[in-house]
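Order of writing sets the chain letters: A, B and C. Residues in each chain are counted from 1.
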């Protein structure tokens, strides 16, 4: 049951041999993790992780969405209810449910993200099942209690060179500050995520804007609001940030005359906006943020296309991020035009585009990134951050955008222990893709070796200015 | 020319060996056919099939659409005209045309669906051509005249465990009744298909509703109409039905307040509705049918996204189902929301989704089915019920939805003799897919063996409650 | 570094052997080039090509779009500015920039289109780089100065049987006339491209229509305008044309009553039309052109779905066709219906459809072409004219449309020296696809051999009536 050293490599022997040779040159490279959702407190406090269920099951929406789809109530997995009604609190009971349903993850990346840390960190080479659930629980729990499995020790063991967290524009970044003050030599940087202060349709928007203005001492005007973002971005930069991140329902951008933007700002603050007004405000803010990026050098990331909280029962019962976000068709060509018309040729801007709509890889994203100097393509995201998803991305995007217009890998995860497995998966799949090109004589092996290094390390570092 | 035992398996020798091993464990499993279009009269009367052209060519829209696309008039294939104008009646002449154009099916699944029964049933291992058309015609005709090639004997020979037909909500199910009365031990079950009584844009809608109400003694009111459907569903259940089937232009659902639904029902009965009103009525009826499914346990199937009768000359000349139905982009995420908001978390509901828009596999269907407990993904449908179509489905859907949220195979055919070939194709392609995962060390072979059994047999049986 | 004889063949040894055998039977077939953008003057004047940069870099938007995306200013590549501001004029300097960025084309078809003529024509087997830029420049320049590298000699060397150019409806076809008068035995035929006289949103539309009417002596009426097109088409036919080509933003067609078409024509001529009016006029003209095709036998090509001149800075600075055209989602099913309702069953019409939206291959184009006798599928176009693009086209379209509803290959290029490499790529990829079918026992090798010949030669010749 141990992980096979050739996993994810093509089965054709000649191609596999090439993939193996390429992989050997990148397997041990340090990890650049420019976009993710680990908790900065882990690094600042360096406390031991709690039990296996709290570490692996409860925070992972990939896992509980699959269990829920097969009839497992979220309450039984210990997901807290908004109304405070009781949910399962026995971590071992939760773990047993997970173990009993582990076969559901056959053929999914979750399987690989879970089994690799089990083997690499805990020496477990058994497949999880109802039969061995308790034994594996105990073994993992024992390991987690040891100092070698605390966040900072794992950072070193994982060979991380830098890891970015994602932080609310309103965050004081206390953990980041504490971490810097601690003198620890790991590099954990924040990312400026302003969505809750930019999207009039998010709960608490007006309050968030008020807080943003209060934090920065700015007036409740359009200019004050923009100045507040500038100030917060500058603060994030002092704390190590090199990037911003924007999770919008669509990729729509706008370039309003100032007077219209001022009026729109006043309207969205009053509340009760229409969907079209909210969309226009978000759209305008993307263009504003791109302008600020040119000024302060923060790389801009856009993650559009998720219909959030599709299941109202789950949202009302448990809140957001409960596995009920569903992709939808996403337009880039017309949506990005206002921003690109204004700033798309500015050499100071880097805008990294992500998608949940794979039809855009070939039809929109690769042609756009293969032309505009500001655009780069982020790696396959969320549901597509998987062996087949990565393969489709490279197969479809490369012929038009090349490799240089992509940015390497993001692990995009809050599952800390899975980070090496995720990067390893990306390195294997990219080496497999390159090996296919070499085997079909479309690329020479020395070129493939260089590209493997780019995809595993250099492109992320350069694109994110890390 | 004989069928190769390794057909449809990957050419890489190591992977092929695994595929072969997996296939050997499922090749002989009984066939579960939970969705199809064979004629219940075949089983009740058990008469010999007529000549080869009437069996293979005239009823198969895959075949005559391809011939028509290359300039063969439908009249020459014996397709009856609505105006009664003369068409070819000589079956041998029709067969010769088919034979002379058989090369058109190179690279299509029709080729395999046709050649496998020829070899397995009639011992024919020659490729059909103008040269051997007459000889093959005679050989097939001779076989068809024998008792061993009557429907019930073939049912046994095909190793069918159960086969579902698709029946109008208005059908008295006389053939099903006769079949049950006959004491024959084959299991042929009806499926409740209410489209003609639910879609205001179908010809004869008002008359169909009147007939539905008359059959059940219900009043011409919204409540009476719903009660009539409930009554008919209950009757279908007594005749063995376990499922309903809904062929709608879109996946739109609605959840109207009762008073609005009543008004809309009155409006659609009066006739002259707008396209939007018709769409809203169909949408409301999907939600109503889902509610009834929770009550009576019938599994619900939704087949949306076909633009029916795209070619008006063909429709006016020959009627519907003449190979002129074309897919179109289909939204699920927003369309299904009203139904899912109301019933999507109800453990009693199973809603099986099909698509003619493959872009929805990864972007919408797999994420939806990987979350909602009521949703399952039907197998690739219609134009995608093919080796490459099946491969794309598994490759794209599995990483997000897993295997357990899919329902095995449907043959969906009226081509009775092709049923074993269709299931065999699905089993081969699924085993090839699983073998690829094993060869790349993404799945262990014992797991693949279990999954092959699930995909070939167990999932269909469970999902359709058969 | 020399080109490998097995390039683009599958790496699996058994499949590769079959691909090689198939390829050997088609590698030396004459080239049919039914759609492209070479300059007829090349053939009529037969002058030597200028320097390497002017031949390979300056006219190739695939090349400069990639360089631009990585920060290379178009001025430095010698692309003339509309305002006459100075740009780089030193061809050697331009070549050095290209050479220094040549790694950007790794994994793209441009790489193969460039290296194959270098080896085949100039004997260069080194990978271009900053280090050898000057040496390669000199070597290519020396060759270009020789008579053997003039257009007519290359036509013979390339084994061209016929090549079509694309010509404005307003062109006097002087070069074609001179060529025919010259007595040279190469076959270079024009193609009727009326876009600038048909699209009210193109710059200079009214003037173009006026010129069209003046050239043909027709009145400024709807009927005169149609008669003018008929006259120009007839003239193109006398010069060898067998086809028309239509580059529209969408595939929308219309079938207006004559009186409405007359009014619309008057409106578009007055200028200041709305986007909807312009779309309707283009839509009507596609149906008119299809009607004319039935009358005069010219094959009709439709290239929809490109958002032209997406980058206004580039458009204002350098003009159209500067690598800033981006695909967008394209509907065929509803858009083509008016034309197909009217003419889709007419045996005299051939309408070849292209797409920049690959989602339509399986969902719309293959089902349409697998039914309508007038429809054929053009080869993968523009961004998809690549090994993976071709593979996806065959894999997705064939199972529904077969091979006979496709039309072989188009090189669609103005890069004359790359034409053999482009056809060779298509032949290799098609043979690889066929070999895969043979290796999986889905096709017999004798059939594959026939089909390879069809795809490489016969289908293009037949479909384009050449």
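The working rule: a contact is a pair of C-beta atoms (placed from the backbone, for glycine too) under 8 Å apart; a residue touches a chain by one contact, two chains touch by 3 or more.
On a predicted model such as this, the values are computed, not experimentally measured, just so you know.
Colleague: Tell me the angle, as a multiple of 5 degrees, of the rotation that maps chain B onto chain C over the C-alpha atoms.
Modeller: In short, 120 degrees.
Colleague: Do the two copies chain A and chain C share over half of their interface residue numbers, or under half; same or different?
Modeller: Counting shared over all numbers used gives less than one half: different.
Colleague: Just how far, in Å, is the C-alpha centre of chain C from the one of chain A?
Modeller: 40
Colleague: For chain A, write out the residues touching at least two other chains, lowest number first.
Modeller: Within chain A, residues 10, 12, 359 contact more than one other chain.
Colleague: Using the touch rule from the top, collect the residues of chain A that touch chain C in their complex.
Modeller: That would be residues 10, 12, 14-15, 331, 333-334, 337, 340-341, 344-345, 347, 359, 362-364, 366-373, 375, 395-396, 398-405, 436-437, 439-444, 447, 450-451 of chain A.
Colleague: Across the complex, what residues on chain A touch chain B?
Modeller: 1, 3-4, 6-13, 65-66, 68-71, 103-109, 111-112, 127, 307, 310-314, 323-329, 356-359, 383-384, 386-389
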